[in-house]
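Below you'll find the structures, each written out as structure tokens.
The following pair of complexes shares a single chain, subunit A, combined with subunit B in the former and subunit C in the latter.
This part shows the complex of A and B:
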């Protein structure tokens, strides 16, 4: 049965591929298509148009996309800064506790997402736990404005997305040969030099995976900004929802989705290259 | 080149004592081997000197300077790891240049030094290869070059040849000896392989299972005059006979039950050498002469029956059963294609040795 070996990869990948085509590529093509279709008031096809797209090329909508990019970028950076030391600790912690610690990282996913949001409400609201605590300690006199702020959105974003950063970093660090750190220190590198020249470059696959696992979904995040930010902030998710769910504005929603996806893709490519450049060991070359 | 002195050094990991109360001086500019069985704490000792582990108590001196609490990267000591720990994301050049760049040397100086050392190690053809493209022996040399280019006072080698095949290991041992001879850097070589230790060392220390040093000396002293049965058994092969010491004031002998009395040699009288004392005598297999007829001029002789014969090429090993059912090993050099006297299985043989070639050991 020699000939069958080349057929195995296709056979094993087929179910996933069919699924992807039916429920991802096809809808994506439909969205792309509907962005260019002009429909009459009664819903009849009138022809192709670019007007849906150009409709959004205004400072207002660019600002929405810009703040979504900023949200996604700051979320990915914060998750990285918090997540890397955590993943390092997990990867090199005592084998006995490793599985327990990983389990603790996953546990929050077992409870409902809305429950997390309401828990944070309770912590952050005007008379919430944090304000009460700060006031009783005499650090502040009047309750701080915590809920419905950028701060509240950011906290919830990091809280929710952190495991997506930590898990790929962990798997990358777990394979890391610890004696390379020892070799670097032994050869006269300080800890910060060792991190910069050895640890980060060698775990760059994990860093990239974690960064984009956080960055890309954060960009379109709908529920967290909507619930934690009140109606004060406009992000891509809210605009898309508004148009797609609105009456007769489906094409506009599709066009905006397409436009923001294109911008996200460009930004992701640029970031990918930037991360590669920062972590490239050849930068330190003589 | 500087010496290393360890004073009352102890270390335990997870509440288990690894090494306890080690006192050792490693002379400056010498090739020093630390030999011990697996898990005896020799690697821990090396890591303590490098600063990769912190001592629980005791002191480490480099020359006259105490370095017990110096951080790793500030110690003028470099280590060659057992798994080499080459940086997989850097090529050969950048691996070797690593420590030089950290020192902030000018680019031309770095390039010069790296190329010089690459030539010395016959690696110039591989300068821009990634380390994963190199063979085991080449990786080993890159690891050595990376440590040496830094010009450390002391070079620590942690079982550096363990992953190489026998022929290559033999060649690398010679290269290491030549290198140490040229550089005059203090080398500390950790191994569990007695062949490697005996080959390279000017001085060596033997560690036992519980992390104590049993004996320090030149390879010859260690091999020929072991101080304990552990050293006698661990370094080389030996035959150990148990008996009682007799005739201590005239002609000392050891009395072995069922076998009789054998002459022994007592150049230095030790405290434990008392009349009637239980002790051991160690006789190396190559120091015993095996024959069918009684040979002249030997101080000791014993009868036995050949149980098995193992041919090793340059020598043949005879396992001989004595009257008390004890097994003695004998090595004979295969000096001629056709031996004068053929010794075969089940032959009755005479084992003979000179009393000066047997070592008395405390029990």
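This part shows the complex of A and C:
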């Protein structure tokens, strides 16, 4: 089969590759490049500069990037803590319920997420259902401040990103041989030791995939913080959107995008190594 | 002992999680039938919001735009992905290009969206349905190519070898042996791309411009203008639609992992 490769034109493989390069890598390269370019007021090329980038090396912008990192990290951790037991349950539960539970997990995931934001408005608003319920029960007298808070942002983030965590965990756990757990318990290991030294290390591909499928997009998320936070909190996504959509601030926007992407990648590599270290079963001494 | 304890606690966690997932949805659905606007309590049953929904012209225009974009993005990305696998099946060394498509997972969608926006404006492509399709196809390729190629590698090579030994040309082998084996995976991936494109918000927000509104952007404008039971009615409709798609996806039984 290999011998025929010379007769077959590369053309059939080309469209996907060209499209990917033209509409994925080229725009990214353009953004990276334009963060170093100084334009005159009429939009003409004046020279190369680092000033767009250094412009953002201030505590204010570092705080924005920091809060995005924190948001992404806490979201990924919360999703993991909720998602792992859920995926475990799904993988080892009765087949009858399994399909129904998977179905119920994916339906909201495949429905426009702005509608879920809207649904949480109903619950969290000043006169929303949670406040009404708490007040009618006499637990609080005045409506609690639920919407436009970090709490509201976090709830919505976990709500939206949970399936991104559960589905890879589920497919990893489904391949996991359950008798290994039984063997470990029969041989006298405690349940927590079994989890730490058998279950988690052997499902680490799913854990990694889930973690980064949540972590990376959460970092750039801007619809949820804006709609649930009520413009009160600044995250990377909203700053980027502001600069890029603003008049004449395009290269500043590019620079900020480049800077935050670089920080995101460094943090992702560190987290990747950290997860590998945590999940390494040899780390534990007997 | 502690195993049983963890079973009980995981049952509790699972039920709480599903409660967390479905309480907002149920509330939304219940209030789509309420006579008064929120935050009024339950006053009576009505279909008037659904009636209003079906007469909202802008909404159906946005709905149609979303369908068009999702359709073309799915079509182009599936066709391009299949062509790439065809090239691989003819002996092309596709493996070394695969890394190109994993970039979609490492770069946040917001970054891709703003990059595309400045790219389109610098080469003077007017924003609209075309740019939406161009952008959403990238999203599609990031799913179709890795999934389809992984599926292709899993296929039993004996089948294609048998076909070649028995005298079929490589092209005939692809269309008579490889393609039928890949078809279920192709269909379910296409369905996945369609849904993701249809529901996409971030890419649409930056690459739609002002002329072409997608359903997500329409919902956003409704959210900004305040709570209206028409949105509840729309949610009911879309939940019904996505349930249908999920059932369709399950019934394919292809074991394509969503991730």
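Here is the rule we use: the second predicted complex is superposed on the first by the 267 of 286 C-alpha atoms of A that agree within 3 Å, B and C clash if a C-alpha of one lies under 4 Å from a C-alpha of the other, contacts with A are read in each partner's own complex, and residues count from 1 in each chain.
The criterion applied here is as follows: a contact is a pair of C-beta atoms (placed from the backbone, for glycine too) under 8 Å apart; a residue touches a chain by one contact, two chains touch by 3 or more.
Because the structure is a prediction, the values reported are computed rather than measured.
Student: Scan A:217 for contacts with subunit B and subunit C and give back first, second, both or neither.
Tutor: second
Student: State whether subunit B or subunit C is in contact with more residues of subunit A in the superposed arrangement.
Tutor: Comparing subunit B with subunit C, the partner touching more subunit A residues is C.
Student: With both complexes overlaid on chain A, does A:143 touch subunit B (first), subunit C (second), both or neither?
Tutor: Neither partner.
Student: Quick one: classify A:185 as touching subunit B (first), subunit C (second), both or neither.
Tutor: After superposing on A, A:185 lies in contact with both subunit B and subunit C.
Student: Determine, under the contact definition given at the top, whether A:103 touches first (subunit B), second (subunit C), both, or neither.
Tutor: second
Student: Where on subunit A do the contacts with subunit B and the contacts with subunit C coincide?
Tutor: Overlap of subunit B and subunit C footprints on subunit A: residues 185, 190.
Student: Mind listing the subunit B positions that touch subunit A in their complex?
Tutor: Counting only subunit B, the residues touching subunit A are 50-52, 71-73, 77-79, 81, 83, 85-90, 94, 97-99, 101-103, 107, 110-111, 146-147, 150.
Student: Quick one: which bits of subunit A touch subunit C in the complex? Just the residue numbers, please.
Tutor: Subunit A reaches subunit C through residues 1-5, 8, 10, 12-13, 15-17, 19-21, 23-28, 30-31, 34, 82, 85-86, 88-89, 99, 101-108, 110-123, 125, 127-129, 132, 159, 162, 164, 167-168, 171, 185, 190-192, 209-210, 212-213, 216-217, 219-223, 227, 236-237, 240-241, 244-245, 250, 253-254, 257, 261, 264-265, 268.
Student: Inside the complex, what are the residues of subunit A that reach subunit B?
Tutor: 177, 179-180, 182-190, 193, 197-198, 201-202, 281, 284-286
Student: If you look only at subunit C, which of its residues touch subunit A in the complex?
Tutor: Contacts found on subunit C: 2-3, 5-6, 9-11, 13-14, 17-18, 20-25, 27-28, 31, 38-39, 76-77, 79-81, 83-84, 86-88, 90-94, 97, 100-101, 103-112, 114-119, 122, 134-135, 137-138, 141, 145, 160-161, 164, 170, 195, 199, 201-202, 205-206, 215-216, 219-220, 223, 227, 231, 234-235, 238-239, 242-243, 245-247, 249-250, 257-259.
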